[in-house]
């Protein structure tokens, strides 16, 4: 599904990703872990096509298409979904309006029949319930005045609505209490299917208690320095990152776990 | 003909000072400017709320010569005056009476940072000449030009590079004596790169003598310098016009606290120019007007460099027939992206015959900025008033407490315990005379 | 694609209403003097009282100075180069019904999306059509007359209802109020007149559609709306003009009188030709709008301003009666080289008077957008309340947004609150939309519509959608 080869990327002229390789097959769940500043968020932003995140080398193929040449909206329409680490507020634009527009754009591109207003509302209400958001949220502005946890649940709710092929979750677990974390995990597990893949970017192991990954990768200084099964996450939790770090180049920032 | 206009026309011929000839260039340039300037009228947007000619009709705007103090009673008066100073403030104290430096009341020992213009050495003279009147819009200002044209002396505070001054400067300007006269005050503060200092200015008229003061303050906060500047304007009997300009270099900070009592006319013009990146400032002020007093605050925040931040908080209390003006302008220049600028002005109108004019302005020429301003005019919260009354506090006392609470946000920010206590005590006793009607 | 690219790409505008109608016109020669005023008055068969009023106003105008305080720049207007009267020849024998109206004119309005055949019209909306200097036709007059509502051209009212005209014309905006109002008083050619009798709730929306067509012509219309005690009316005006390289002057005066307990809701969708991307051409819109509220009355101004090269306009409310309410909801969009200096004045005179001001300014391209407002609480306005919210949205780094609120309070029991913020369409917002598959064009118009929502909800239902679309069309040309 996704094949990233030797990906290098710069932000403001500074190289953050320094030759990253990863392959994700349909149905797989990959967790990418790593210390602060290792390039985790850069990876998700480069994959989603954010401005100023310039891929300088390497290739990213998504279902046989060169992802790096696509506009962000076309990547979304191809089935890539990014759950943002810090979802932005859009005052005055209701979630309902936003989701409807989004869904219509996706369905038009994917040549699927559009939902009627009634079908759409039914679906939206149902997904809201799944992530434990009051349906009143639908009428409020996108993320406007939402708490941190509500914003994250809103991201998952959108993911459930849009049914993407590849879900990138950028630290969706950070700042969540245990109940909210379970809601997020339930959302992910519900969407798991043989043709849908996930990349969970996370700092901590705790999300992985609820979502069992097939592979765990450790990202440090812009490269994947170790890969393994879900047991690797437990090992990281126990020992921190520094034991891995010793073999790689010295990073500018002291590493924190 | 109004005596004010008189000055402008024949000023340069008659009043040119012979003192400190090295300042002659500054005086000449200002005299030249004055020829093209007139006393502002209400048609000038920045002066529209003041009937200036009326307010200044009795004032003598030119200084005949430095005021000579009556030597006979000096000691008695000094004793009296010294009682009005802030006690327990360990500071470099510099006291002026009617614009004249008074050695006996000052603590000059071991103060290597300040000098009177008249006592400046050659290097200091050069420094003064290089900095005076270099702020950008001096050119059009009538009163600061008048000040420069008659400039004879002034105070220089010069903090060398990376110097952290061990105690605050406490600059006191006292008014004493009864004949109408104008004092020209001039303060020049130069904080060199990486330096740090606290300045406390205190204007007072303990004997309630009237006079007119035309003050110009120029403050250069160079790169990475940090200045805290408190201005206590507690002279209710003094008509005062003050032009205050601040220039900030990169990564510098400037904090100002202004506590102002209105008078027949009190006009404060403050312009802060953020000229270096990542400069920030925090300007807080409270003002109180009563009787037929007038206070007019004009603050202009000039965001010139990107990535700077400014914050302005002003609280006003207006009682009796007083007239208060607050004009706070935030000007974001085209290059000043990533600016954060905020302004808040809240006012309590305490009587049905008082007036408040507030005008917070935004002028924005850059898109990636976050600016906001807010202004409110209201009265003392009747529920809070009732709550206090229901706990047995008399209404007048309750109003006093709530008025004090309203300006507490400003007073609490003052540096040094003794300054805070002094101001709290003064405001508290003032507010006990609060107007008795005004709410239903 | 970067945000600025998106914006630049879309800066080329299209103005849908920019066509010219080819009908035979009779237009006065340019220039202004007493004779021209006499000719206008004669053309309209006005009674003597009206001519005298005009001539007096003209004398006063000659002595006045052009105001220069607004945050707008434009070359001095040559008042001698403007024609002060222009009307289609076919209007000489005023048509009594739509069947008699020149079909070319009807087609003009169809093209503008305002079909005039009654059966096709928006249900329940009566329209007065003003083309250059004259009112062409007013629809649904008879139906309105059944409930006692008078809705006609001002010219007709001057002849048919002199008692109302004498009492109210110039009563809210005095002749000498300002330079452009005085000019209007002397040369106004037509406009709409509305009278709602006591206790009547006007059975349909009223609206006037203004069209400037002829070259070098100024449009100086007047609107007078009188809502008698306890009545209600909702009124909407729309404006368009052809795309011409010359600037054209529009100097209207609108007066609203809300008598005791009456309510007037006045909405404007202003889409005058804004000029091209280099600032060439466009309407100079210098308009005085003011209403007076008697006891318990309410006046709401809602405006959506997307057009004009220059907008100079401050719809105001004099809250004279106790408990009266004034509201101002505004969306002003400037793009290309457009300049807008607009806002409101709320003059609180009565006790317990209330006012609300919501202003949304959007600046794009090289546009300059200024909110200028006054909230004045007089000493007698016990318990008065004002709330003001001014938000600016900046799109691109060549535009400007200014806020100049004047607040004067002379009553301690009054509460005045003013808030202003400024924001941009952020890269994060655009990226979130893009990541959800929404293209930047659609994303920006969605975000801007969201920004304006609190104003749009004040428009009459029929026009809220239209206003949203208008903004979208304007944005299509202006921003990304």
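Which chain is which? They are A, B and C, in the order written, and residues in each are numbered from 1.
To be clear about the criterion, a residue touches a chain if its C-beta (ideal position, glycine included) is under 8 Å from a C-beta of that chain, and two chains touch if they have at least 3 such contacts.
If you're wondering where the values come from, they're calculated on a predicted model, not measured in any experiment.
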Chain whose average C-alpha position is farthest from chain A's own: B
Centre-most chain, if every chain is reduced to its averaged C-alpha atoms: C
Centroid spacing, where centroids are CA-atom means, of chain A and chain C in whole angstrom: 49
Separation of chain A from chain B, taking each centre as the mean of its C-alpha atoms, in whole Å: 55
Inter-centroid spacing, chain C versus chain B (mean Cα positions, whole Å): 45
Residue ranges of chain C in contact with chain A within the complex: 1-3, 426-429, 431-440, 442, 446-447, 449-454
Of chain C, residues touching chain B in the complex: 69, 377, 379, 382, 392, 394-397, 399-424
Touch list for chain B against partner chain C, complex: 45, 334, 337, 347-379, 438-440
Chain C-touching residues of chain A, taken from the complex the two chains share: 48-51, 71-73, 75-77, 81-82, 84, 87-88, 90-94, 97-98, 101-102, 105-106, 109, 141-142, 158, 162
